[in-house]
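Following: one structure in structure tokens, then a few remarks.
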Amino acid sequence: MESMARPLDALNKARSKRVLVELKNGRQYVGNLISFDIHINTVLENAEERIDGELKKQLGTVFIRGDTITIISPQ
Amino acid sequence: MESMARPLDALNKARSKRVLVELKNGRQYVGNLISFDIHINTVLENAEERIDGELKKQLGTVFIRGDTITIISPQ
Amino acid sequence: MESMARPLDALNKARSKRVLVELKNGRQYVGNLISFDIHINTVLENAEERIDGELKKQLGTVFIRGDTITIISPQ
Amino acid sequence: MESMARPLDALNKARSKRVLVELKNGRQYVGNLISFDIHINTVLENAEERIDGELKKQLGTVFIRGDTITIISPQ
Amino acid sequence: MESMARPLDALNKARSKRVLVELKNGRQYVGNLISFDIHINTVLENAEERIDGELKKQLGTVFIRGDTITIISPQ
Amino acid sequence: MESMARPLDALNKARSKRVLVELKNGRQYVGNLISFDIHINTVLENAEERIDGELKKQLGTVFIRGDTITIISPQ
Amino acid sequence: MESMARPLDALNKARSKRVLVELKNGRQYVGNLISFDIHINTVLENAEERIDGELKKQLGTVFIRGDTITIISPQ
């Protein structure tokens, strides 16, 4: 558990893995977690945007501003 | 009471226990409290998402950005 | 009046007493005020959630994130 | 005018007097201004809550979180 | 132009003059600009509140919390 | 490109020129850019307010609080 | 991967390339990424505004305030 003592440890453990990112406006992005910072600014690759779980568009790389994010969950 | 002098003490006491987290957008997450920080960024494991108390989906691990949280309550 | 020179003095005076906490989203929590900090993060015990004054559920302990609070009023 | 050079001077001058406080959510509180701080966290005594100018309930002491306030006006 | 190099210079120039202040919630206040600070917390005297340009009520002195303001315009 | 290395360089280049400023609430202001600061607090002169592109009113000088702005575009 | 260790590295890599910027209010801007800062304040050139993917207007240069942005994605 030691390696999970802080919330960002959970994001570190998910690096390069597939994650779901949900935004305050209801949008969802699924992609490989490339990087994040203390503001939770996040970059995904091979990303796709979903609305209500349905694929809306392929985005490739996407930078997501941290303050718009509600949750990040490894898939 | 000494051990509950600050609000984060209540979260410390709930570590690894089952908690309910409610968000500003009405979403609810129930899971085991793994970690949190001073921004109240929070990580749950064995988490499930609920809407109006009904199970919506199983999430496994979920990182919740602190500024989107309204309450955290041990179950 | 000296002991009430700053707003947090009023919260200090209410410690362990029953208070009403209202949130920006309209939710109300009534419970015993256990702790708070400068962000107004607040912990209540023997808490209950109310909507429009009606009991919605018993919560036991609840941590309320400060930035979601509008008012705190001793009962 | 010297004594009104900064905005908080106007609040200092209103201490212990009756003031109207309006919130972003439209709620109004009228009470005696006991204290405030640089975040405009404010405590009123003998306070009453009003909606559209009509008395809704008597509150006694009320702590109002500063970031939810739009205006404070001496009555 | 030197005396208008920074935005607050425009407010300084309007001190004691009649200004219109508009809020994020659509409310308008017209009054004499007495003081402001770096957060744009603002105090007006001989103020009146307007909705859609129509006089709603006379307020005398009003303290307006800066983060709720969209624009300030000398009349 | 060197002179455009930082976003505020683009605003510096637009000083005294006619710019469009759009706010989060949908309002638009067109005027001569007089000054701005790091919060993007902005002062326009010979300004006019528009709604959906239509002239709503002449404002002369207007101070716009930075956190309410979405975009600034030279005309 | 070293060159992508932090989220802003992804924006650096997109400099002068065509990017899509989406705002919290649903607006979309497509243009060449000229500059950005740690607040994600961003300047585009040869920019166009879109609503629901449809061209709404040509803007030339546009400064976008960082806190209004949800995502930035290279095209």
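Every chain is named by a letter (A, B, C, D, E, F and G) in the order it is written, and numbering of its residues begins at 1.
The rule is short, and it goes like this: a contact is a pair of C-beta atoms (placed from the backbone, for glycine too) under 8 Å apart; a residue touches a chain by one contact, two chains touch by 3 or more.
The shown structure was predicted, so the numbers you read here are calculated from the model rather than taken from an experiment.
J.: Using the contact definition stated above, find the chains touching both chain B and chain G.
T.: Expected: A.
J.: What is the touch distance from chain B to chain D, in steps?
T.: So the least number of steps between the two chains is 2.
J.: Roughly how far is chain B from chain E, centre to centre by C-alpha average, rounded to an integer in Å?
T.: Centre-to-centre distance between chain B and chain E: 42 Å.
J.: With centres defined as the mean C-alpha position, give me the chain E-chain G separation in Å.
T.: Measuring from centre to centre gives 33 Å for this pair.
J.: Starting from the mean Cα coordinates of chain B and chain C, work out the distance between those two points in Å.
T.: For chain B versus chain C, the centre distance works out to 18 Å.
J.: What are the residues of chain B that contact at least two other chains?
T.: 24, 67
J.: Write down the ring's chain sequence, where chain A leads and chain B follows directly.
T.: A, B, C, D, E, F, G
J.: Which of the residues in chain A end up touching chain B in this complex?
T.: 1, 4-11, 14, 24, 26, 40, 66-67, 69-74
J.: Sort out for me which residues of chain E touch chain D in the complex.
T.: Checking each residue of chain E against chain D gives 16, 23-25, 27, 29, 34-37, 41-43, 47, 59-65, 67-68.
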